[in-house]
Amino acid sequence: MIYLTRRESFSASHQLFNPKFSEKENFEIYGKCAYPHGHGHNYDIEVTVVGEPDKDTGMILDLKKLSEIIEKEILDKVDHKHLNIDVNFLNGILPTAENLCVVFWKILAPKISAGKLYSIKVFETPNNYSEYRGE
Amino acid sequence: MIYLTRRESFSASHQLFNPKFSEKENFEIYGKCAYPHGHGHNYDIEVTVVGEPDKDTGMILDLKKLSEIIEKEILDKVDHKHLNIDVNFLNGILPTAENLCVVFWKILAPKISAGKLYSIKVFETPNNYSEYRGE
Amino acid sequence: MIYLTRRESFSASHQLFNPKFSEKENFEIYGKCAYPHGHGHNYDIEVTVVGEPDKDTGMILDLKKLSEIIEKEILDKVDHKHLNIDVNFLNGILPTAENLCVVFWKILAPKISAGKLYSIKVFETPNNYSEYRGE
Amino acid sequence: MIYLTRRESFSASHQLFNPKFSEKENFEIYGKCAYPHGHGHNYDIEVTVVGEPDKDTGMILDLKKLSEIIEKEILDKVDHKHLNIDVNFLNGILPTAENLCVVFWKILAPKISAGKLYSIKVFETPNNYSEYRGE
Amino acid sequence: MIYLTRRESFSASHQLFNPKFSEKENFEIYGKCAYPHGHGHNYDIEVTVVGEPDKDTGMILDLKKLSEIIEKEILDKVDHKHLNIDVNFLNGILPTAENLCVVFWKILAPKISAGKLYSIKVFETPNNYSEYRGE
Amino acid sequence: MIYLTRRESFSASHQLFNPKFSEKENFEIYGKCAYPHGHGHNYDIEVTVVGEPDKDTGMILDLKKLSEIIEKEILDKVDHKHLNIDVNFLNGILPTAENLCVVFWKILAPKISAGKLYSIKVFETPNNYSEYRGE
């Protein structure tokens, strides 16, 4: 079994603010991330697929095709967007790094045609990141 | 003469859209950067001071103090903010990386107490950055 | 289950030298790391917590609070220090990257208030690092 | 149990082209990677060993010795070489990142004298990498 | 005046070997870089343009357009190629990092439609790079 | 004219404390850097040489030879050492990044056999660095 990873990037803005909480509670929970006009990140995502390399091609799946799937299903919809407002598949979902991992997993898992999805990592910054393995 | 550099980071959102232009023109000029709800970056800034190290301290100025100046004058005002809306000193200024360099220079130059400001670099991403040297 | 990681840094010096061994043995075992006046690193540490995001907040725990815990419990005690001499919780422990992982784990595990500690990584350099998962 | 990792680099060229396929099929499968004169990468490899640190040395094994093993067994044979032509142990093996992981594992696993090999990662670029854990 | 930089990447192979020299001389001059089947790198290039930002757009030139120029004029011709064999504009030119800078400058300088070209950097590895400023 | 750069690394400890000042003054000037047992860094140095590439070799000087010069003249003397105690050429010199640049320049400038030394950069951390250009 080989774990094969592709890393991609996008730039987006988001705000962490849950209307179920009061404004005061939101600032207690999310601090600066609750500011009303949002802020942004250069997000990196790492998508890892696990499988056995094909005997003839030496590959699990073509990383260029994996890259195209990520671009079509995720990047085209989130890049240069406001994650709380502009993205259909994030409707009603607070765009924390934790939640983004899970949403991206649900979108990508059925699109992986060879091997299977093993892990999604979402980096908000090089120092803050979140991983989901479908468990 | 020694060139001494301190690198700092902040996360912010912005939108490139000039009301002097039509919507069509804005999208021609700025592409995805003109989307109405903005997008964001992990910005890095590098502030370089030039001067002669003091004979006794071996330093031009204390990098920790330089870091505090940058934090007080810049980071506290832009971090986790929307650059088009939330920042007084960017009022009426389109927040391109080019313009940010110049604005940051004007703020920081008079605050450097030893040596003098040599360069401000603003990185929108590791692949896109802008530098101003006060010329 | 989500794995959430925070990366922090500190600068410290250390020496690898065990008084149980002769000087000759120490140099055979530790090479340049046994030099008598020590050497140093910019250490990076990655602390990973595993848990289920809270339905309402979308977070396992606040990364900013995790960062404050790491700062109070670890960084304040090791940053700009000599690990063999200045750090109470390293008394009698040879400060290899392997041992630092385990010591940091013991300190941090009981402080994690939501989710639970999954992994501690200690990077001596970008090319040399050690991980402990509590097993 | 501690996981200890050493990262090393080499520069090499390779071509992805399987003579079992027609030229047209090769370009469909491998795209630009099938160009006849090959292309190249700065490869990074991460070798992770798992074990219990020795009570007296505080180490699983000496990273400097691990580095020397990797250099002698792998780097001396692949650095500045064409992986399809110049490397005996890759004879008849298509040098995809997936296959390189497995080959490097087979070479290194019997050479690890303390602890045991846990993982080999091969990075073709910072955005494309492959991992094998011997399973 | 603002200095605006765009960073791009490509993967290629090359060989440092001058037929004017004997084989022995080539190995004395170029060491491992003279191996007959070549080796490769993930090359990074940084293209810096200098100019005054337009009052209305806040930009010297659109980095996305600069990126497209670099892609069309350089990357499409060198990516996944053997620099000694496959690239018309490198015919008869030894592909050292020094020479690549100068050749890329000659190609790009006349294509920069706003501001003017200030510097080309070519990184063979993160530790080895070359810069040309047209002087 | 081409600017050619080689980056190297070393790990060392140092202390910023000038016996001309009182202990109180030292802590006011240097903060945590004045702690008595020192602290350490993974230092990076970048050495840039400027010159015209030789018509036949396509090189200013061989980067591998430049690397060997840096290793022999600098790294062998500072790596895994305490900069205040163990290094002859730093005798009586406070090892700030500013001073290290100048000292390394004086050592390396006369050893550069082709082209001439243009710049020395010393990075204490990725966020703090100092440059000297011999002016």
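In order of appearance the chains are A, B, C, D, E and F, and numbering begins at 1 in each one.
The criterion applied here is as follows: a contact is a pair of C-beta atoms (placed from the backbone, for glycine too) under 8 Å apart; a residue touches a chain by one contact, two chains touch by 3 or more.
Everything numeric in this text was worked out from a predicted model, so none of it was measured.
Engineer: Just tell me the minimum hop count from subunit A to subunit E, counting one hop per pair of touching chains.
Structural biologist: When the steps are counted carefully, the minimum from subunit A to subunit E is 2.
Engineer: Going by the contact rule set out at the top, which chains touch both subunit A and subunit F?
Structural biologist: B, C
Engineer: Counting C-beta pairs in contact, which chain pair has more, A-D or D-E?
Structural biologist: Between A-D and D-E, the larger count of C-beta pairs in contact belongs to D-E.
Engineer: With chain centres set to the mean of the C-alpha atoms, which chain is at the far end from subunit E?
Structural biologist: That would be chain C.
Engineer: Between subunit B and subunit D, what distance separates the C-alpha centroids? Give it in angstrom.
Structural biologist: Measuring from centre to centre gives 41 Å for this pair.
Engineer: Using mean CA coordinates as chain centres, what's the gap between subunit A and subunit B in Å?
Structural biologist: Inter-chain centre distance comes to 28 Å.
Engineer: At which residue positions does subunit B touch at least two other chains?
Structural biologist: Subunit B, residues with two or more chain partners: not present.
Engineer: Each pair of chains that touch: what are they?
Structural biologist: A-B, A-C, A-D, B-E, B-F, C-D, C-F, D-E, E-F
Engineer: Help me check something: in the complex, which residues belonging to subunit E touch subunit D?
Structural biologist: Touching subunit D: residues 9, 11-14, 32-33, 35, 37-42, 79-82, 85-86, 124-125 of subunit E.
Engineer: Which positions of subunit F touch subunit B when the two form their complex?
Structural biologist: Residues of subunit F touching subunit B: 16, 18, 20-21, 29-31, 93-99, 101-102, 126-133, 135.
Engineer: Could you list, by residue number, the parts of subunit C that touch subunit A in their complex?
Structural biologist: Touching subunit A: residues 1-8, 53, 56-60, 62-64 of subunit C.
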